[in-house]
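Look for chain A in each of the two complexes below; its partner is chain B in the first and chain C in the second.
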Partner chain A sequence: MYDINHFYEATSVEHAVQLRVENPEAHIISGGSDILIGIRAGDLAGCDLISIYMLDELRGVSFHDDGTIRIGALTSFTNLAEDPIIREHLAVLGEAADTVGGPQIRNIGTIGGNTCNGVTSADTASTLLAFDAVMELTGPKGIRLVPLTEFYLGAKKVDLRPDEIATAVLIRKDHYKGYHGVYFKYAMRDAMDIATSACSVNVKLSDDKKTIQDARISYGVAGPIPLRARSAEKIVKGKLVSADTVEEFAAGALEDVNPRTSWRATKEFRLHLQREMARRCFVESIRRAGGSV
Partner chain B sequence: MEVGRSAKRVDAFDKATGRAKYTDDLCPKNAYVSRILHSTIAHGRVVHIDTSEAQKIEGVVKILTCFDVPDILFATAGHPWATDPSKQDISDRKILNEHVRYYGDDIAIVIAEDYVSADRAIRALKVEYEEYPFVLDPIEAMQEGAPVIHEERPDNVLGHSTIRIGNYEEAIKEPGLIKVEGWYHTPTVQHAHIENHVCYAYEEQGGRITVVTSTQIPHIVRRIVAQALGLPWGKVRLIKPYIGGGFGNKQDALYEPLCAWMTTQVGGHPVKFDTSREETFVSNRVRHAMHAHITSWLKPDGTFVARKLKLWSDQGAYASHGHGVSQKGMGAFPQVYPCDNVETDCWTVYTNKPVAGAMRAYGIPQAMFQLESHTDDIITQLKLDPYEFRKKNCMPMGYVDDFSKNELYHDSFRDTMDKARIMMDYDRKRELYKNQTGPVRRGIGMALFWYNTAVWPISIETSTSRMLLQPDGSVNLMTGETEIGQGCDTVFAQMAADAIGIRTEDVHVFTNQDTDVTPYGSGAYGSRQTYVGGFAIAQTGKLLREKILKHAHSLTRMPVEVLDIVDGNIVRKQDGRILMSLEKLSTEILYDFKLSESIAAESTYSVQSNAYSFGVSIAEVEVDIPLCKVKLLDIVNVHDCGTLINPALAEGQVHGGMSMGIGYGLYETLLIDPKTGRVLNDNLLDYKLPTTMDHPDLKVGFVENAEPTSPYGTKALGEPPTCSPAPAIRNAVLQATGVGVNTIPMNPHQLFKDFSKAGLIESEEERQLRKKASGDLKDTVIHVIGEQETKTPIETKTPEFQPRGN
Partner chain C sequence: MSNKQYKQLSFILNGKKVSASVDVRESLADMLRNEFGMTSVKKGCEVGECGACTVLINGNPYDSCIFLAAWIDGKEVTTVEGLVDIDGNISDIQQAFIDEAAVQCGFCTPGFIMSAEHLLNTGKRFSRDEIRKALSGNMCRCTGYQNIINAVENTMDKRLAEKDTEK
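This part shows the complex of A and B:
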């Protein structure tokens, strides 16, 4: 039995936005895998909820004419992992989605929720960041596009206005075409866990597979929000694929991370992992892109 | 023979289809619900609780606080009552406590019509405390000036026991001895059974209170409820339906006394208390964390000369099972490897932490981690072989323990070790994994375990069974022993079937214990029920047979001596002819105008023996050193638990125990905030129970050396499987890396510390210093070690990419 004060069921995106305008204090609920925990724990007890769960138009993955991939905000982790477009073009994202919680959570949890709850450990968030994804937010004045790099404002704080809902995540063609990557989730066990720290890398090699044309690396739980390690990216851009480049990349990654000591892990251990993950992810991404170290 | 067959569980279909009724299924729909207010300080006194706001909340029925409860101290430990006051459990808590002794202590309750109202009221209660200093470690709690947790024990020591054999101080003077010593630390862990403790209570006519509860020990909890409320024992009736696991947490009175008291405060209306998972972690019971220091003195050939153990056991805030747990752990020490000169001390010490009680194998998982880790430390230091060393030194056949009079009737340790070695290809792998280099290495290790069956002679080992012959020839069986998921109803049915001469399918086990109806049995703990219950069933079956055969004589005119009961028929032994079915006999006799009798038998057996149940684990691991991760590749447990009553159930029992041992060794620990005493990971996300993804296939082997004291040749298997996996894994990691990890769980946090200390990985700080000095960015410590070796005996693997980071 959950302590919910009012429950509003949105019947369309417009209706959802209208409910947001009318009930600025209300929380949005889609799958509920975070919200219901908050209510049970008492933090959100007695809250008002706006459900967007019935908005099927926000589910699924599709292409825009320019090749941008559009992921509906209510697409579940399971559907994401199994989607043919994701498998072909954004395989890493599917792999990341498949590491979330257990099967039940992956069936109910959504990519919109995973980004909008603003937590640093979200498995899809760091991966989307390494794709330079853009959030599509819909409010009374229409659509607002915010790059994910700017969407995160602080721990559990995102740039979602009180009258908006997230309607999609967009990934431009030039951000995924030719890139190969991996997601490394470091957790204490092999299922039903959140990341101690996580790393996502995408690499684009030259045609002869000898040179790093571009590399992107992002982390979860390396700071209060998912973050990019741009120093590492700059260091390797245009460099030859080699063991030394890998080491420079791994060392460079640490320039931008800022993990903290909590009871879940020490800063020292997280730093150690972050370098090791950067190294392993980079090597594996190069391998997947057809190169070898 | 029904015993020895993998008969289908008698409750399989009911459980698989959801028809089996558990406590919450039976609770009346109109029952009030309740929530407990737990303390938010680790030590202090409740000065005042302001209930005024909470009282106003709609749906609240009654709010009761620590100032309202009966002024009675009671003991919660699930032991049979001791009539000798010096042997009784320690009474040190009330139903709700004004003197708060840990963060999470029970200080008030809200009774309400529904949980939303109850939760709102809990949040609206305002508590004023007087805070005291607190202490979270047993060794610190023994120091002069430490906070006093119970006034009756100013030194916080609940118990101190010793064993003295020979003369340790004299023995160590022998020249040429090698000294090996080490500290070993085991964590606080929780049982994490699926069904949280739940109970409800109501009053009936005459002021009798009925408590329906998820417990392992119905007859014992009935007594404790009566004591806590100051009632005659007969005023309390306790019913135990099916329960979803206990592992010792429910071998304690948990919230039954509270629930029974609550119903008396609301006119006898049913009141339910359903523990949340968070409360299960914090405010039920946990396994005792222990610190141990072991010193061994040996001759260079590996002969023990003298040994010393010092053991500190963390009791937490209340006595519960208390000192018995560390005493049991200490008791194993001089037995596994007998030695002429032994000195041991153990202390059980109060701390301001969650209460430690019984948990699967009662001190022995701690003891085996300490002992068997130390054994491999000896082996490493003396450059001996782990198998040969154990074979040379472990308890020999024919050993008799002075205290319990237990005798080792078979060569259990050596038999099980030999079987496990073959199952794991141990000798070859041990050789193969010598002298490895590189970041990913493998190892194989072993550990023995010692266990005994039931609790004699520390407490009574009494069991009763009742058998009622039905008109169709089937038999209804009742015992005081409880099915808690382990399958005892099924093995009891098999035993009864053999005792009487009918099929297992024709034994109907009354699974509920209802203290108004079911005869006395002490319940599910101490791996006792199959062994102890077996005596009562064999004896009662014999009584029932005698009655049946007497009537068979009347009906068939054959002498009793030539009659037998086979497969539910009266058979003439001489020619095997079936003279009549049991169904015909039973119906005839019940409705006969002259002979009419409802054929039944009941008897109690009090066992005065306690059988050794030994075995071994062998584990094979792969350690990814830079990731600080241990992957368990393969593991076997081999047990000598006597004759198997039901091989399939026995194997399942071992699987579950091994899983718990794996969690103990690699994953689980209840974390406590040193600043506040609060449990940090009171949920199944942050408390890292291993999942199926973290297990290899679990291998199980049995050596069936029949136990001569048991009518069915059986002995302990409930708890033993969880005793030895952790040290076996630890010893495998030691072979792989050269690092003996002496603090479990061996999770990445611990390995990061230990590998850093051993120079296997470099900290970021050290790397930065080196970078400044040389400009070298590479993380080369491992490679340096690798380069020193000219040949690698096995191919060392480069870390493979695995997205889940293992």
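This part shows the complex of A and C:
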């Protein structure tokens, strides 16, 4: 038996928002793979829950008219990894989702939970950040759009108002079209482990594949929240694809990260990983984009 | 704790339509064991780590310890009890676990069998690495995994060979 005080079950998005307005203290539960663990651990024992798990309208991936890709908040990691739109346009996001936990966790865990938990190690978070994804939040006054770069406020703190729920994650066409990316998760085990640190890179090359038109890089577990390494991005913009550019990128990335020592790894080891992951992800992204170093 | 809250639900359990009135605080694992006597559903960790409680929901593997019973309304659940035929004979994958000595204490076995059943039901061929990945949400503290993978691989080979001869 879970130590749940009151359980509210939403029957529609409007109903979920209404339940949020009426019960500002209650936690939203999607797949529950963070929340239920928190109740077992005691941190969340005795809490009120608003379940949105039964809202099938929040599952799945689709296109807006302008080419924006819309990922419903309840879309599971398995759905992400298998979805044809994701595979064609955001392959790296499906690959990141496929590194989460094991099959059972990938069936229950959702993209909404993986972003709204505000956790730095969340496997889809750094990849979404490297796509400049936007959170679609629905409240009593309608929809509010918040870029993921502004959504994270601090460790486990996100810009979600007490009367809102996340209804989707959006990725604009100019943020994915022509980009190729790689996600690297460094963990102690190949499955059922969270990242010691992780890195996601997206690269867009010129038509002749010789110049870096644009590059984006983000990290998980390089600070209290998933973060972008903008210095590295600036350094390589417009540069020729070369081994030197790769080294400048990897060195530049270290200017923005701020890892700490934890029981999983020391700060020094994480810095080493972060430089090496930047290098490898960048080289492989260039290769996927049709270039070579 | 406030007043008890119940939810009325109906779902399909091992092919039969059933209904229940469930305490909303209950996990699916608790409900299956206590209300329906499905004691193949084991509780090892109750936090989604070990897979001993794995059941199929609409054909896909889930840890029933971290799935709220209230969410099962309208869905289809399969446990190891559902793999046995009407005469009480066990299925090919269960027999393979016996033949390959893939069982020691046996606590993890039902969970592994359900994850394997999902894989086998796809009707596709998988490499040993792919089988490992499909079973990576299940832990065994006794066998060292090799015989478990053998059991799944052999059953896959047999089913695929039978499918070929049917053609």
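Criterion: the second predicted complex is superposed on the first by the 293 of 293 C-alpha atoms of A that agree within 3 Å, B and C clash if a C-alpha of one lies under 4 Å from a C-alpha of the other, contacts with A are read in each partner's own complex, and residues count from 1 in each chain.
Quick note on the criterion: contacts are C-beta pairs under 8 Å (C-beta built on N, C-alpha and C of every residue); 3 or more make two chains touch, one makes a residue touch a chain.
Computed from a prediction, not measured in an experiment: that's the story for all the values here.
By the touch criterion defined above, A:36 lies against chain C but remains apart from chain B after alignment on the C-alpha atoms of chain A. Of the two partner chains placed by the overlay, neither chain B nor chain C lies in contact with A:179.
When the shared chain is aligned, chain B comes close enough to touch A:271, but chain C does not. Ranked by how many residues of chain A each touches, chain B and chain C are led by B.
With both structures placed on the common chain, the touch criterion links A:284 to chain B but leaves chain C unconnected. When the two structures are aligned on the shared chain, A:263 is found in touch with chain B, with no touch to chain C. Once the two complexes are overlaid on the shared chain, A:105 sits against chain C while remaining clear of chain B. Judged by the touch definition given at the top, the superposed model places A:1 against both chain B and chain C.
Legend: residue contacts after superposition of the two complexes on their common chain; A:77 is shown touching neither chain B nor chain C. Of the two partner chains, both chain B and chain C are touched by A:190.
Overlaid on A, the two complexes show chain B and chain C touching the same residues of chain A, namely 1-3, 46, 190-192. Note for the complex: chain A touches chain B at residues 1-3, 42, 45-46, 95, 99, 182-194, 196, 247-248, 251, 254, 263-266, 268-269, 271-273, 275-277, 280-281, 283-284, 287. Taken together, the chain B residues at the contact with chain A in this complex read 114-116, 119-120, 123, 626-628, 667, 671, 673, 680-681, 684-686, 688, 690-694, 747-749, 752, 761, 763-765, 771, 777-779, 799, 801, 803-806. Note for the complex: chain C touches chain A at residues 1-2, 5, 7, 23-27, 30, 46-49, 51, 54, 57, 60-63, 66-68, 70-71, 73, 115, 118, 133-134, 136-138. Against chain C, in their complex, chain A makes its touches with residues 1-7, 9, 29, 32-33, 36-37, 40-41, 46, 51, 53-54, 78, 101-105, 107-108, 190-192.
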